[in-house]
Every structure is written in C-alpha cells, then in structure tokens.
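The two complexes that follow have chain A in common; it is paired with chain B in the first and with chain C in the second.
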Partner chain A sequence: MINNSRLNVEEYNFEGKNIEEPPVQKKPNKFLKILNSKRVVPYVFVLPFIISFLILTLYPAIQAFVMSFQRILPGQVTFIGFQNYERIFNPSFFKALTNTTIYTISTVVVLVSVPIILAILLDSKFVKFKTLFRSALFIPSLTSVVVAGIIFRLVFAESESSIANQIIGIFGVDPVSWQYTGWSGMLLMVLIASWRWMGVNILYFLAGLQNIPKEIYESAEIDGANIFQRFRHITLPFLKPIIIFVTTISIIGGFRVFEESYVLWQGNSPGNIGLTLVGYLYQEGIQQNDLGFGSAIGVIVLILIFIVSILYLFLTGGFKRGDE
Partner chain B sequence: MKKKNNTVAKWILNIIFAIVAFIALFPLIGLIISSFRPSTELMRNGITFSINWNELSLNNYIYIFTQAGEYWEWYGNSLIISGLTIILSLFFSSMVGYSLATYNFKGRNLIFLFVLVIIMIPFEVLMLPLYQLMIDTRLIDTFTGIMLPLIVSPTAVFFFRQYAIGLPKELMDAARIDGCTEYGIFFKIMAPLMLPSFAAMAILQGLHSWNNFLWPLLVVRSNDLFTLPIGLATLLTPYGNNYDILIAGAVMTVIPIVILFAFFQRYFVAGLSTGGVKG
Partner chain C sequence: MKRLTLFGTLVFMLLILGACSGDADSESTNSGDGGESTIAGEDLEDATELSFWTFAGTHADFYASAAERWNTENPDKAIKLSIETYPFDQMHNNLLLALQSGSGAPDLADIELAKFPNFLKGDIQLESLNDLIEPEIENFVEDRLNIYAKDGTYYGAPTHVGATVVYYNQEIMDEAGVDIDSIETWDDYIEAGKQVVEVTDKPMTTIPTNWYGIWPYVTQRGSDFFDENGELTLDNEENVETLEFINSLVNEHKIAEVTPGGGNHSEEFYGFMNNGGQASIVIPMFYMKDFVEYMPDLKGKMQIRPMPLAAGSDTKSVGMGGTGTAVISQSEHVDLAKEFLYYAKLSKEGNIHLWTELGFDPPRWDVWDTPEVREDNVFYEYFHDDIFDILLSIKDDVTGINLSENTPDVLSEIDSNIMHSVLREGNQTPEEALKQSADTIRQKMKSAN
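Our next item is the complex of A and B:
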C-alpha cells in the first residue's frame, strides 16, 4: 500500500512535469516541495491537534497531579507532600460526595429509563407527528444551564402562587421553599438536568431502535409473545450497547455536576445542600484561591469517575466485543 | 376487534405524546409569557398559573432595548466569541479529522487514540491547571483565553474523521494527477464534499460556545468581557432588582437558537447527538 502510493507520486512527477505539460517556468521552492510531499502533509494537518493536545490537555493533566502536592501562593510554590490529601476528608467534602452520588444515581435512573420508554413509544407506527414530538422534546437541550436555572427558580419560587406550590397545593401540601430545603434542592438540580438532557438521550435510543429488524417482532408476535415479552427478549438485548453508552456518559456527567448547582445558589447553598464535588473544587480552588487543594479534589474526582465507570463497564460486560 | 384496539392505542399514544411535549416545552412557554409580566411582581410570585392579562406589557423589552446597554455588550461578546470559535474550530478540527481519515502515516492510530482519550477526560479536572496557565501567560480575562480550550475540539475531530472516511479517495488521486497540491485537494475538493459535516459541527461548536458557562466563569473578570450566560448569572441574586433584564434577556438568549433549530433541524440532531456528552 505504502509502496504503491510512493510509486504513484513518482509517476505523477514524471508525467506531470516532463511529458504532458510544458516545463514549469517557475522552479518550485524546495521548502514548499517538502511541505507538499505526501509524507509531510498529514503531519501539517494534524499539527494543530498535537500542539493543543500538548499544551491544553497533557500539560494540565500532569500539572493537576503535581499541583495537588503543592501549596501555591502567588510567586511562591512549595512542595508539601500529601498535606492537601490529608485535609480533603472533611465534613464539607463528604457532604459534596453524598450530594454528588445522590445526584448521579437519580439522573442516571431518570435519564436512562424514561428516554427508553419514550423512544419505544415514539417509534411505534401509531404515533402521528413523530418529528414534531421529537423536536419538542429536543428543544430544551438548546437552552443554556443559566436560562434553565432562571426558569426553574421561577417555577419553583417560594411564593404560594408559584406553579410548583400550586400543584402540591392540589394535594393539600403546604407551600415549600424549594431552593432552601435539602431534598427539594436536590430535586431541582435533577429536574434541570433531566429537562435539558431528555431529548438528546431519546435520540440515542431512537437510533438504536432503527437497528432492530422488524421481522423479529413479527415472528415473535406469530409465536404468541406478548408486548412485555417482546420488550424483555428483543428490544432490551438489542438496545444494550446504547443503554451502556448512555449510562456511562450519564455517570461521568453526574460526577461532573456543578452548573446546575451554581445557577441555583451561586456556589453558596444554605447548609451546603447543593454542594457538589466540582462545586467544592471551585470553592476551594477559585474562590479561596487554594489551587493546590483544589487540584487534589480534582484528582479525587478523576479517580472516582475512573473507578465507577470501569466497575460499571465490567459488571455489564461493556468491555466485551460483539454479543456476549 | 383488532382494528378497534388499534384506533384506541393510536389515540392514547398521541395524547400521551401531546402531554409529554407540552411538559417539555412548558418551562420555555412559561418563560416567554412571564417576560411580559411586571418584573417586580414576577420576582415576588415566580411563574404562576394564573395570568393577569391586563398586566402584560412590553415594558421589560422596552427597558432592555433602551436602558440596558450592558446586556447588549454581553450579547455582542457572545456573538463574537461564538462566531470566532466556529470559524477557528471548524478550520482546525476538519483538517485534523480529514488527515486522520485519508492519509496513512506513522503515529496516526496513536493520535486517534489521544482524540478518544481527551473526549473522556473531564474538563473539570484540567480546569485549575489551565486557569493557572492562563494567569501565567496573561491570557486570563481575554477573548483568546475564553476560546482557547474550544478551538481544537476532539469531538469535532472525531466527527470529521468519521465523515471523511466515507469520501471517495479516487478524487484525491485524480486531483494529484491534475497537479493539485495536497492542500488544494483538501480546500478545493474534499472540504466542499464535507459540507454537511461542517454544518453539523458549526451548530455543535456554536451552541457549545454560546451556552458555555464554567470556563468563562473562571477566565472572565472584567464586566466588559462578560458573555451572556455569565452576565445573566450575575443578575441571579435573591435580592436582585434586575429581573426585567434577566427575564427578557433570557428569552432573547434562547429564541434565536430555537428559530435556527426550526430551519436546520437535521444538522442540530446530527451535531448534538455526537457531542451529547454532557458539558
């Protein structure tokens, strides 16, 4: 293959310059010639990526570990061993860890189960206006988290005439100050994320459903399989790779949660009800300007994400290729 | 009997989806309606079911168009940053993706592996060292600093590579015989063939940049560099008296995007389902 292409280049040089066309008047610059050789060109094309990888990913990745062992003051950096890590395991961190875990589990459950059901229903031949419904569900993903925060703060406002309090009022429940109560604060964060990401996940599952041959359903129906048996034994196994994919990105996204919390409380929630791991990193690293300690939190977050997603992929067989 | 069952199922399913679609759109509808309500009343009561139709007015919009210069400054900044990000990131990412797809060269697989690894690394972990780097290089509080991490996007590289793999390689050979340089082949022949992928990635990168929050929150310090999300977030205080700007401003941040979506739905779907990794 490589030999072939080299041959081609020579042929082209030979034919192109000496026989078919009149000799080129301007002698091509040697540097330009090298720059245009098929050997060099691919590297020129990937150069921006290599530079950005080295400066904006590899260097910060190494720095994140290095900084987590340092005390960083302007113009004065000292190596302090594991001191940052020794400080980490404090009540605020555990509060953040608990909140992040609850948030991750809730968003994974909601953002996997509901989109599967909606995608399957949407895929049915009985639904008219498919594109319209799909678009409607997709539109929330166009909003920024800040706008979503503005909306949800207003829908879940403290006043008893706000929509959320009106709805619970129907069931005789007293108005709740949603943003300042532990469980409802978490609920708001999960709702914001679910509202914004539902449509995108439905798209993933819809794409997966396209791959299931319709004949399998037909023959199962002839064999007398009911709708739940068909779901359990045909749809789910075919969707498994997509379920694993969506769950994995939701787990990673869950551990990274910060913005949903920030738009509700600007980084300072009452009693830390909305403190997340990245929120704690932001508080310590940026607000308190303790970059070393912040980096140590970052390293812990990275390790957590790594362990949880690897564990999940192992348990579900996500590493195996093909079917079983 | 069977036919009757089907009609019932049809009705039930369509009603379910009408309700689901309404729930999905309700927050935005509520936002738009509320933007016509007096801001003080909105701040006190939040978004409500009961609407006092006599109260609705264009006052919030009149205020934002006549009094709120800073809002338009944020708007301009967001437009400039998103526009530049789209141009630069499409230019660089498409070259990289194209090269990975069409050339055979040493290290290609390694580079592609790096692309995939970067997609998986959470930005939040790299954020503090990058922040420090921006301080050291004096890029903190500049447009360049805001845009830099988005310029070579691994997601876009991945998307362009997948797209370019399907391009007819015979065209490249034919162009070479005609004396076209390798760069000419890309810019004049192959890139135009990749147009649909450019559209999808322009939308992904543009939307990402328009809505980007966490990184600008770290990098931007001076008011005149605020982007829309950062600016709006500063108004989000419980004691805020700027709810007029907040609510009308939020509407005007989202609506242009929704209109674009109505026209370029296909590309939105293609772009966002690749870049769907949260963030």
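Our next item is the complex of A and C:
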C-alpha cells in the first residue's frame, strides 16, 4: 500500500490525474497504460473537443464580452462603459430582431412539420425508390449555401422572364420583385433554409421512427385505430424527444441566421427586409469597422438565444429525466 | 451487413458533423473564392517584393503594366509586384481587420471612396503622401485629393475625377425628336423626358437605389451630407428638395423608373441598357469603361453632355465615386512603395495611362490636352472626339464632396432605407425618410464622441 501511494504520487505529477490500479510492471508503456486507464481515457477522447472549445469558442466569447464595452480603433482601444449597449436599441436593431423572429418561427414550423410527414412517407411500405428520395432530399445540405444563393437569386430575379415569375404567370399572377418586397424577401430566406435543412431533419425523424416498436402499431390496428389515430397517439408521443431536439436546434439556428440573407443581398437589403441580427452584427462590426458595437450585438444575440432555448426546453419538459 | 450498418452510421455522423459546421464551411469558401493574383516582374532576380490588394480586375492589369514599365526604367530598384484581386466587400473587410490586428496587410491597397473614411479612424495606418503631392498640387483637381485626406494629410492617390455627365442614347433621342443640345436645365430634361416616354414608351432614365441616385444631384445643388465642419446635413432643406425632385422624376412625371437590379453595375442593368432600355443615364465619366466592356451594341450611339443645370446653380458637373490607393504603414518598404505609387498614378505619365488603359478622366488636368491623351483609342471610337473638350469646358465648374467618418453610415442608410422607402415603396415622404435616417446616424455620432 505504501509502495503504491508513492507510485501514485509519481503518476499524479506526470499526468495530473490520480490513478487507482497499481501498475503491474514498470515498463516503457507506462504512459500508454495511463492513457488507457478507465479514468483517463474518456478525457483523452474529449480533449480535442475541449481544446477547440476553449480556444475557438470560449476565449472569443469572453473576448467579445470585453470588447462590447470598448471602442476599438487601430491603435486606440478605450473602455467606454455601456455606451455600445445604450445605442443598440435603435430601429435597425428592432427591424433585425423582428425579421429574425419571424424567420425563426417560420423555419421551425416548416422544418418540423414537413420533415415528419416526409419521414413517415419514406418509412412506409407504399413508397418506392426510398433510397433515391432520401439522398435527393439530403443532398442540398451538402451544397454550399453561396452557390444555392446564386441559383435562388437567378430563379427569383426581378425580370418577367425569371423562372419564378414565369411559373406564377401561368396562374395569371403579375410578376413580383421577389428580392425587393418584405414578404417575398422573407419567403426566399425561409425557402433557402427549408430546402437546405429538410434532408437533415428527415434523417433525425427517420432514426426516431425506426425506434418505435412495430407491435404497438399492430395492436392498435387490431383495436381498430385508424391511420390518424395511430399517428396522433403512437407516432407523435414516441417522436417527442426528437421533435424537441429538432425544434431546439432550429431555434438556435434560426436566431443565428446570416448566410441566407447575405447570399441574397450581400449585407445591404432594400428597406432592411433581409436584415438579421447576425447580419446587423456583420454590418456594424465588420463593414462599418465598429467591432465594439458589433460585439455588443453579439452578446445580446447570445443572451437571447439562451433565454429562448431554456424557456422552450423548460416548457416542453426537456429538463425532466426520462419518463418522469 | 453489420459492417455496412456501422459504416453507414459513421458516414451519417460525418455528414451531420459537416452539416452542423455549415457556417464555418461556407465562410471559408467565401474567403477562398475570387482571390485572383497577378504577378509582375516575377522573373527578376533581387527585385523587392511588394504586395497589392485591389477589388477590380481592371485595376490589377493597370498596376501590372505600370510595374513592368517601372522595371524597365528602374532596373536598380526593380520590384516584384504581386497583385491580389478580391471581391469588393471582402477586400475592404480583410484590410480593415489586418490593420486592426497589426499584421497581414499588403504594402499597397486600393480603397474605395465610400469605404475610405473607415480607414481614417483611430491611429491612421496609412502613410502620408504629402511629399509626393504637394510639389505639384496645382496640376490636380484638388477636390479629388481632399476626399482621401484628413487634417491636411493626403492618404490616397486618386484614380479619376469622376466628373458626372449625362450619356444620351442618340438613337432614342432622335426617334423622340429631341435635340440633346437644347437640354440646359433639369426642367428642359423633364420636358424632353416626357416626349421620349410618349413617343418611344421608354423611360428617359432610371434611378439607382444606391447613392448614385441621389449624391450627384445633392452635390450639384451645392449641398452635401456633411458640411465642412463634419456636421450631418443629410436632412437639410436642400437635400429634402433634391430627393423630392428625384422622386418627382419617378412618381410624378413618370419619366424615370427604378434601375433594374438596383444599380448601374448590375448584370440586369447592363443588359437593359445595351438593349436600348433607357434614353439617358446620369453617371460619372468613368462609366465609359463599362460601356465599352459590357454594352457593345451601343457603340457610336452614345453622346456625352454635362449635367443639366439645377435652379440657382451653375454647377455643370460633380466629381463622384473614386478609389484612393494607399501605402500601408505596416509595409517594410514604405519609400519604395510610395515611389512606385507616384510613378503609377500621380505622375503625368501615370495619368496618361489612367486614360489610355482604363478610360478614366485623369485627376491631373494638365494631361487633358496632351497629344497622348488626344490620340485615338477605343473610347474615342466608341464615343466621339470631344470627350476632353467637354471636360476642359466644365473643369472650373466641377464641385467636390465633403466626407466624414460617418459617410459610410450615410451611404448604407441610402442604400437600404432612404431610396427604397421613397422611390420603390412610396411609404415615406422624402422628408420623413431623410429625417429618420439622419436621426439614426446622429445618435451613432453622439455616442461615438
């Protein structure tokens, strides 16, 4: 025992971790052994993530928080207290907040309801060429959003000959200036996002559907439940955890939206119809060289996402354990 | 089978991972694309390496050829100039961040007028060009130097005068039976416009929803967005009247429309204009290059004239737009970079090349009637022979602009709010729109001081 504790001290100094089991042999693979021990190995595996989190996420976050109280110019960094925060609540910010909120709500609605239905269809016996459809729906998420943005811009161009205007022309609707009107601008953003993330969400739901025991459906069928009752009372409850998960990441993704707007308008949208919170951050912080103010916007966005997601998880019981 | 499932899961997880990091991905593609580089003097031994950032491919060619000439004339001070062309926004953002962080900036860079004030904040990271400019200052159109200056120090070498003119499509004007030379005031212009619309059913002009659609008119009336003391005058009486005038062209007299694509540098507009979509366009002289490059069908049809006069003013043209080339303080070869910059853009020879290669009206007016400039070239072929006579005739009537640290804010407000809500949506009067934007900017200026 005494002998062991001496060894332990050595190891403690070496790796910074206390090791319980005594080493059988004092061989050169001691290092590997420590690395392989049950206590250490989990940390080794999460280390890459922890390091990248500390360097690429936590440090910038803290730095941004500090910067939000500063005015930052080349060679001149001064603390200015709450001045950045004082002027945050201006019309552009509220426009950005409104846009972002509408965008988030619309994407959550579309990106939760449609994928569930598509996933059920893809999981059912009636659909042929399932693999083909699965990959077709998934491919957009692998496409660069910049490329997608260019295509969308061309499809929804202002001229009468653009594809979108020709299609609505068939139904006798007048051409629309898609990228210059409030409602259509928002529609385009939601459309790009839906097109892009649909496949990923379908995969989540498909995974969820596979976990529902088939026997339950069978017994429900015997009891005379129709297809809607089965969906309402079996599928939905079983998918609840997935729905909560997908909704949460959609909310977070929604509040962080930037690219969908950027690819359409390159930062300055007419009448700010496409201004998002992160877009506003980019505009003020980078384009107008006001990094302090940009950081302040970032901090506000952070707080906002935090509150909304916590609230949502709380309301849907995301904090309860298991089936409590 | 089991293995296959395992493999499938792995791929799936990787895909999710990739999907989650989508943000980072496309950002790197963003910064990856468009970066095109040109190197001049690559084969020279012991040449000093200089790096140059620009946002226009045509500028890159211009500097490359200047470097070649420099190397033949100064073999003892040869340079290897590597020119990087980035997309507009990206180049300015990268440069700002490089200056902010103190490393990674090039030796020389092109900075566009609307972005320039951003670089004059804090401890200025650009080199003074006074020793190059001051000895010859009387040869320059001075307003063009002042826009890149702060507190008497010049930081940017101008690219052109940017004298605003009206390009008329002779064919359409003839069809409508309008004599261009009879248009002297904006009232005449409106009358002529009505005739054009009536006969040809084409708009007299189109109004861009960016600053090109308002700044020239504001400046022509002797007003501006800031006064000499840097006070914001965006919502003053003259500016409200000017915007009312522009609005009347579109919404009252119906002789103008909103520019397709929103600006005169969009693909939509090039096509529209090339097909004879509008009878005239009010834009600085440098647009000649765009005509030659993108609108070949209009060759020989365009006539250049000074701007019609506004009531109570005899300003026939205003200097608009521009790019200032700056030497960055981080450079290890500041002196050589300055010398080269003088050679390429500030010297008499450099100015002649600005015209012959780029079709820009050179900021040194002492070259305007040199034989080299008067020599035949593509621009004379496309337009007509009296380009520089027109310039010389309005030389003393060209008015400049006042810039401030907050000019970029004003231009961004014009882009995203003012023009859109007044011209396109019509949900704000010119006065309301200007007031609202001015208030936003004033608030920002107040807190920044």
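Criterion: the second predicted complex is superposed on the first by the 268 of 324 C-alpha atoms of A that agree within 3 Å, B and C clash if a C-alpha of one lies under 4 Å from a C-alpha of the other, contacts with A are read in each partner's own complex, and residues count from 1 in each chain.
Just so it is clear, a residue touches a chain if its C-beta (ideal position, glycine included) is under 8 Å from a C-beta of that chain, and two chains touch if they have at least 3 such contacts.
Every value quoted in this text rests on a predicted model; they were computed, and no experiment measured them.
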Partner, of chain C and chain B, that touches more residues belonging to chain A: B
Which superposed partner A:172 touches (first chain B, second chain C, both, neither): neither
Which superposed partner A:224 touches (first chain B, second chain C, both, neither): neither
First (chain B), second (chain C), both or neither touched by A:200: both
First, second, both or neither for A:49, with chain B first and chain C second: first
Partner chain in contact with A:121 - chain B first, chain C second, else both or neither: first
Touched partner set for A:259, first chain B, second chain C, both or neither: both
First, second, both or neither for A:81, with chain B first and chain C second: neither
First, second, both or neither for A:140, with chain B first and chain C second: first
Residues of chain A contacting chain B in one complex and chain C in the other: 72, 138, 141-142, 144-146, 157-159, 197, 200, 203, 256, 258-259, 266, 286, 291
For the chain B and chain A complex, residues of the former touching the latter: 6, 9-10, 13-14, 16-18, 20-21, 24-25, 27-28, 30-31, 34, 42, 44-50, 92-93, 95-96, 98-100, 103-105, 108, 111, 114-115, 118, 120-133, 148-149, 151-152, 157, 173, 176-177, 179, 181-183, 186, 207, 210-211, 213-214, 217-218, 228-229, 232-233, 236-237, 246-247, 250, 253-254, 257-258, 261, 265, 268-269, 272-273, 276-279
Chain C-facing residues of chain A, complex: 71-76, 83-84, 86-87, 90-92, 138, 141-142, 144-146, 157-159, 180, 197, 200, 203, 256, 258-259, 266-272, 275, 283, 286-289, 291
In the complex, chain C residues that touch chain A: 12, 15-16, 18-19, 22-23, 25-26, 29-30, 33, 89, 92-93, 96-97, 99-100, 102, 118, 121-125, 209, 260-262, 268, 408-409, 412, 415-417, 419-421, 424-425, 436, 440, 443-444, 447-448
Sites on chain A touched by chain B in the complex: 1-2, 5, 8-9, 12, 15-16, 21, 36, 38-39, 41-43, 45-46, 48-50, 52-53, 55-57, 59-61, 63-64, 67, 72, 118, 121-122, 124, 126-129, 131-133, 135-159, 161-163, 166, 193, 195, 197-201, 203-204, 207, 249-250, 252-253, 255-256, 258-259, 262-263, 266, 278, 281, 285-286, 291, 294-295, 298-299, 301-302, 305
